[in-house]
Amino acid sequence: MLRDWRFWFFLPTLLALGIVVLFPTGYLLWMSLAHWIITEPGVYFDGLANFRTLFRSASFYDSARVTALYLFFSTVIMMVFAMLMALALQHSRSGILRSAIVLPLVIPPVVAGFTWRFLLNGEIGFLGAWLFPMVGLDVNMLSNPSGALVSVIIADVWSRTPFMFLIFLAALQGIPRDYYEAVRLDGATAVQEFFTVTLPLMRSAVAVALLFRVVDAINTFELIYVMTKGGPGRATQTLSLLGWKTAFQNYDLGGAAALGVVMLVVTTISAGIMFARFMRKA
Amino acid sequence: MVAIRLQDIRKSYGPVEVIKGVSFEAEQGEFVVFVGPSGCGKSTILRMIAGLEKPDSGEIYFGDDRYTDVPPGKREIGMVFQSYALYPHMSVADNMTVSLRLAGVPKTDRRKRAVEVARMLKLDELLDRKPAELSGGQRQRVAIGRAIVRDPKAFLFDEPLSNLDAALRVETRLEISRLHQQINTTMIYVTHDQTEAMTMADRIVLLDAGQVVQQGTPLELYRNPANLFVATFLGSPKMNVLDVAAVSRDGTTAQLTMAGASHVSVTLPSPETADPKSIGVRPEDTRIVPEGEGVLSGTIISAEHLGSEVLVHTETAAGQIIAKMPPDFSAHAGDTVWVGFNVARAHLFDADGLTINNHARQ
Amino acid sequence: MVAIRLQDIRKSYGPVEVIKGVSFEAEQGEFVVFVGPSGCGKSTILRMIAGLEKPDSGEIYFGDDRYTDVPPGKREIGMVFQSYALYPHMSVADNMTVSLRLAGVPKTDRRKRAVEVARMLKLDELLDRKPAELSGGQRQRVAIGRAIVRDPKAFLFDEPLSNLDAALRVETRLEISRLHQQINTTMIYVTHDQTEAMTMADRIVLLDAGQVVQQGTPLELYRNPANLFVATFLGSPKMNVLDVAAVSRDGTTAQLTMAGASHVSVTLPSPETADPKSIGVRPEDTRIVPEGEGVLSGTIISAEHLGSEVLVHTETAAGQIIAKMPPDFSAHAGDTVWVGFNVARAHLFDADGLTINNHARQ
Amino acid sequence: MSGYAGQSIWKSLGRAAFLSVAVSFVLFPILWLALGSVKTRNGALAVPPEFIFQPDFTAYTRIFTQGFLGSFQTSLTIALTNVVLTMVLGVPAAYALTRMTGKVQENLSFWLLSVRMAPLFAVIIPLYVLFRGIGLLDTPIAVALAHLTLTLPMAIWMLVTYFRSIPIDLDQAALLDGATRLQVLWIVILPIARPMLASVGIIVFIFSWNEFLLAFILTSRDAQTVPVAVASMAGTMSFDWPLIAAVSIVSMIPALLFVGVAQRHIVSGLGAGAVK
Amino acid sequence: QTEINVVGFGAGFAWADLFGATGAEKTQKLLDFEKEHDIVVNMEFADEDVARQKVLLDLVNGTGDYDLVMLGSDGAVQTFSAAGYLEALGPYLETAPDLFDPAKVYPPFLEANTVAGELYALPYYSFGAGAVYRKDLFDKYGISEFPKTTEEMATALQTLKDGFAADGITDVYPLTMRGAPGEEPSLDLNGFVYAYAGYPAWFEGGPTTPEEIKASKAQPIFTGDFKEGFSTFVNWSREYGPPGIAGHTWVDMMNLYAQGKAAILFPSAINAFAGIPSSEVPEVKEFSAFAPSPAGPSGKVVQSFWTFSVGVSAFSKNKQEAYEVLAFLTSEDVMRDFAEVIGWPYTTYPSIMHSPTLTDKWPTEMLDQIEASFYDADPHYFPYIPELTEFMDHIGTAASSAISGAQTIDEALDELQSWATERMDRAGYYK
């Protein structure tokens, strides 16, 4: 192994990530087994108590549900939207449209959250208080439980689609044109062409985008926090927000770590399944 | 009936005009072969017929209908790409039956058809492999299979056999010829291979630098090349061409001479014909003969033994000359020999390289 | 001096053993050509010689040194890939001179060398284009140029001419032959093209299914094929093979008969030799003859006019037979004709397809 | 690409319609942000919105007087450091990964992915402890290192998909030409992958530039990034939308400049012509 | 030279006199102080929520990076002192009495920072309950006087609502409060509970300290007295508040009032005062008036109480110097200038309240009313247990949920009840 160049090429990454990942993960595991509530003196090993508490709390299941909804819809909408834009722009020579579409990427999610929050605000927002009522839409997006979730998804789609768009665009441009010609000759419609050539040849790119999207969505914090604080009620409180609240508002570090471990396990397992399904032999 | 007609097609890539006004017709059921030097635009013409490339000007007709603007999928054309263009994510069977799938043919029927075609192309054992697991030749055959599967109105082949080994090439060539006879579909075929061109074609279209130089049956082109380019392009090894000067002219009879050679007498079509400036003799019309019997003397440079014949390369005062000799002919580099021509089969060319009918022929 | 030696090389891809114990030697300066059916492992062997693929077992020697584990860059080998493998981001000139750049040759010298080589390959006008702007044949030539540029110790060619047109192919072939004579470098060359194999090779190595079937000079293989496979693989169109039965045997003389034919008399090497089970006659040793003069009667199925000759396909009681006739031979499908053999050149095979020496030959 | 024959105009019309909707959706909030930055505090919040107003650029002047420039500098340092680190570490790793086969390659790829699986809120405390331990708290390098957990796996994955499309024959040709693996990478792979490298560079830069939680936790006075500055501005006892908007707009500029510069390298179709 | 690091909320609000309106430039006064004491003061600002997170990390890890930390009166002082993160200030007050004199400060503000008899933080900005309302709108709909009880208040709100409806005014709302999930609504909501129940009605019998709860094994009860106040808060928010109230935070509440879109801001009046000076709506500037918070059925007023305080980190390496800075930051001298810069009618020092700094700006009568609200305030209108923030968060989220209609009041309270029971159990109160 030591004589294999690939080992040396990979080693720096292995070390760098090993340090910034392995230590925190180990520490996290320890924390999750500890009774560590800041407001109570003393930190001690408490077995699986944190997990028991977690699995008994209503907000965990609530947040899991919200996370699932948020994850599913934002991801699906984002993928479709990004794919449509990439397809629409793949042959365009003008960089202007492409750059325009990529613009939200340079806006930090914190700012995106503020911006959409004030756009959608039902009392003073451009959309919420002016445009929507003008076209007869009488909903207060942010204070209505499902409306709030929709709002958060819109903002997230707005903020994160460009990233996926870029991945898709790059993948699209890597597809040799002969394939399109062959399938076109075979009489494929645009839709058939997409499903016969484009999508299969982009499969690994799509899978990568999807994986990163899922991880990203699970970690979305500031955007939602800024927009709704997880509200109204717990309507937009994702697991990430719950974890943050548990640690930094409720001072229950052990509980937050337990939640973190649960999420880590769930995402790793589902990613493992996805990985085995789509990316092996891709 | 005319199946495909191109009318003054032009095409440029950027500033470079690669197709400079090509017109031609393929009859229903005809087997047309495009030949020409590399980069002369053969693939480009094929792609325009398929609709994959829009001509800058000119029209394309299928039958009596103007097809210039019909999208490729509507043209019902089967094409074998020079680059194969196999879908890497599909098995061989799926690759071959994509068109059927797109047309909604059920799976079992598709499989049946795939097996049928695969057997023909010796791919039966590879049906479930992915293209990446095939050798170059195997891939090429899958690409051919894909075009055959859909029973198209016309086939376009872009050098489909270039990666097959000789035996398989002959076989697949005969297969395609047989296929053509069976289904009597118009086929347009691009190749570099002389044998393919000569044996398969009903008609050869010879292209050079984006223009049609000559077209006709293989033997027409081989026997009556319109000019020096055609004469030397067709035939392998290529025609020996020697500069000549007319030493005497008597109406239609001319005495020609070339460097270091005795005179050759030829008959010209009419007294007005210009004097020939060069003479072309194919290797099979050239012989190494006993001393004194030939036209020219020369030195053997090399002898290529092909098994079925020997190609003898000689250096003469008039230039290099290749003679095709029977397999048991023995020749040694450095030997001085005499070269003789079958003048009755010689080709004459004027100063512009245009053919002058040699009336000594036929 | 032995330049390259393979010793019982084996290689598997996954469960499939594609090279099954290949041993062979190439002498210093020898031109070795690998031929064999598609997928038989030619490219794989080449890649192992280059060091791009590690054999699972067996050893590779360059001269007397064990090179099995030497990295490719250290082997000083020039290779032309079947897939070209041109660097898409570099101009033609840069593509050709990468090895010089890596060796630290200054820019102007590199350019000079590129121009030199490009002229030889007719690429001089394309030196500043990118590969994407070249036609298939042009790309192939750049790949050849890249191998030539660096004056390597040995050249490996993987079907380098497969995309060139006939004229250019002959020319480049001669170019490579001349190059070989000039620099006297060991060359290993993979091709499908019979003519290339026959004309260029000092020695042909014929592979089938990952094994060496026969090796020797081209004429050896052509004239004395070790078995039916070699006999039919080399030669185009391929040898006519007919099943025979010995009707009488008198020591070394046997009377053979085949379906619908008169007897043929052959001389066997020794009285112990098994009876021949099939006879092979190459098309050039087969003739369409006046009625009654031949061995078999048959019907003409097709006549392929190659210009320099006519291939006549006939259907006989013993099977299909191809005869190579002079270009002015006229034949019409459906005609009943007689086929005659030059028995002195016939090949005999036993039940296992192994050659039995025909002592009537020579 | 020149079109094929008979392309339908409905298709292009549909495309144009979709694009205009998409582009409006994407650009509108940015436009609104830009407008907000040149309004007064109250004007920014007025309903119905003021479309015609006297632009007020004081928010921009306040950026300079209120010490935001420091956070721009910090953000830039962090993001650029991160890009360099990510590329230097990630490119060889990605290349090595594409030239591996079988189980090792699968396991490493998955390990790379799983690195990103841990929810950020949960690793914040360990990371804080880690960087406190090695004395890097409140330095740009700490944030850049922490961002590696996000950007490095992402970059490697993006590069891997691209590198995989570069035929191995090219590596081999270069190896035969006498290149070392590093030279193969440098002379062959990187130039071919240039558009992808540029894209990945841009994306990594932007991720690092935008990231909030890690930057926020690991820094205090000395290394505050722009998103952290923006977040700290909008909050408890004052709400200054024009200032937030102005900072946001200004914060786009370095990222845009970077994107602009890097995008020139994104020329499509460069990969064509390598093989038949 | 010693460096003292301070972390605070809200640039430009905290110590505007020391760090300038931008929170970034030190004023001459601070520079003089630094010179005199040979100390460098570093100030770091962050949003309240996020700053708390950092303080927490710093304290939990014992980093000691921050010498002085800003604390709200939402239990942070209780929590952190219980965990041993804060330095008790008693010894410092004694050894250097000339630096800070507690007697000069409004007592409730100190009381809020006292845990088990020990003072842990000094206040720099604090307030009590009250309402700011639009006198012009009250006049328009014939309400001559600000309501004195919650009953009257309900009537007044209905009158305003009807009035707006009759006049076709759709974008002005009778009331603005905050309902975003988390502790935001809790701050106001618990004031309602106090007014309805007459005590902090979270636990059986109304205990407010861990000791009391442990002694009586008092269970949390969110169905009884608590429910009245909770329901009123939720109902008023839904009926009279702006449509988005379930997501509103301090910023929204303030913006709404400043934009002239609300008639009453209540019960944390200070939020309105934050909006008035910058408002461009003339009526807001001209007709905003202060009124004491109305009383509930129990006779107690709807509470609101808050103090921004600063404590010394137990991990500080320079505690003495940190205290010196703290005393300086909260000194009368500094607070006077602070009041000058901010201009709102609030201060921690009675002496400043009655000085021209404020009397020149605001009516004396109003200042008196505000001062009265300080004395009236009960800092313990919610129980000061270490789990306070957690409770506040859950209560607030339940309220937000009920306001938005995601849950009914009963559902929200049921869930709150079962969570609280388990949480108290887990914290070991009933062992």
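As written, the chains take the letters A, B, C, D and E, and residue 1 is the first residue of each chain.
Here is the rule we go by: a residue touches a chain if its C-beta (ideal position, glycine included) is under 8 Å from a C-beta of that chain, and two chains touch if they have at least 3 such contacts.
As the structure is a computational prediction, the values presented were derived from the model and not from experiment.
Student: Mind naming the chain pair that shares the most C-beta pairs in contact?
Tutor: A-D
Student: Any idea how many Å lie between the Cα centroids of subunit D and subunit E?
Tutor: Whole-Å distance between the two chain centres: 39.
Student: Using mean CA coordinates as chain centres, what's the gap between subunit A and subunit C in Å?
Tutor: Measuring from centre to centre gives 58 Å for this pair.
Student: Measuring centre to centre with CA averages, how many angstrom lie between subunit A and subunit D?
Tutor: Computed value for the inter-centroid distance: 15 Å.
Student: If you average the Cα atoms of subunit B and of subunit E to get two centres, how far apart are those centres in Å?
Tutor: From the centre of subunit B to the centre of subunit E is 92 Å.
Student: Quick one: which residues in subunit D touch 2 or more of the other chains?
Tutor: 4, 45-47, 124-125, 129, 231, 234, 269, 271-272, 276
Student: At least two partner chains per residue is the criterion; list those residues in subunit E.
Tutor: In subunit E, the residues touching two or more other chains are 49, 53, 60, 171, 255, 259.
Student: Give me the residue numbers in subunit A that touch at least two other chains, ranges are fine.
Tutor: 123-124, 129, 176, 181, 184, 253
Student: Pairwise, which chains touch?
Tutor: Listed in label order, the chain pairs in contact are A-B, A-D, A-E, B-C, B-D, C-D, D-E.
Student: Which part of subunit B faces subunit D closely enough to touch in the complex?
Tutor: 51-54, 67-72, 74, 82-84
Student: Subunit C touches which residues of subunit B in the complex?
Tutor: Residues in contact with subunit C: 35-39, 43, 82, 134-138, 159, 162-170, 192-195, 198-199, 218-219, 222-223, 232-238, 282-284, 304-309, 311, 324, 327.
Student: Please give the residue numbers of subunit B that touch subunit A in the complex, ascending.
Tutor: Those in contact with subunit A are residues 47, 50-52, 71-79, 81, 83-85, 87-90, 98-99, 101-103, 146, 150.
Student: Report the residues of subunit D in contact with subunit A in the complex, numbered from low to high.
Tutor: My answer: residues 1, 4, 11, 15, 18-19, 22-23, 25-27, 29-30, 32-33, 45-49, 85, 88-90, 92-93, 95-97, 99-100, 106, 108-110, 112-127, 129-130, 145-146, 148-149, 152-154, 156-158, 161-162, 164-165, 181, 195-196, 199, 202-203, 206, 209-213, 226-227, 230-231, 234, 241, 244, 248, 251-252, 255-256, 259-260, 263, 268-269, 271-272.
Student: Give the list of subunit D residues in touch with subunit C in this complex.
Tutor: 167, 169-170, 172-180, 183, 187-188, 191-192, 194, 269-276
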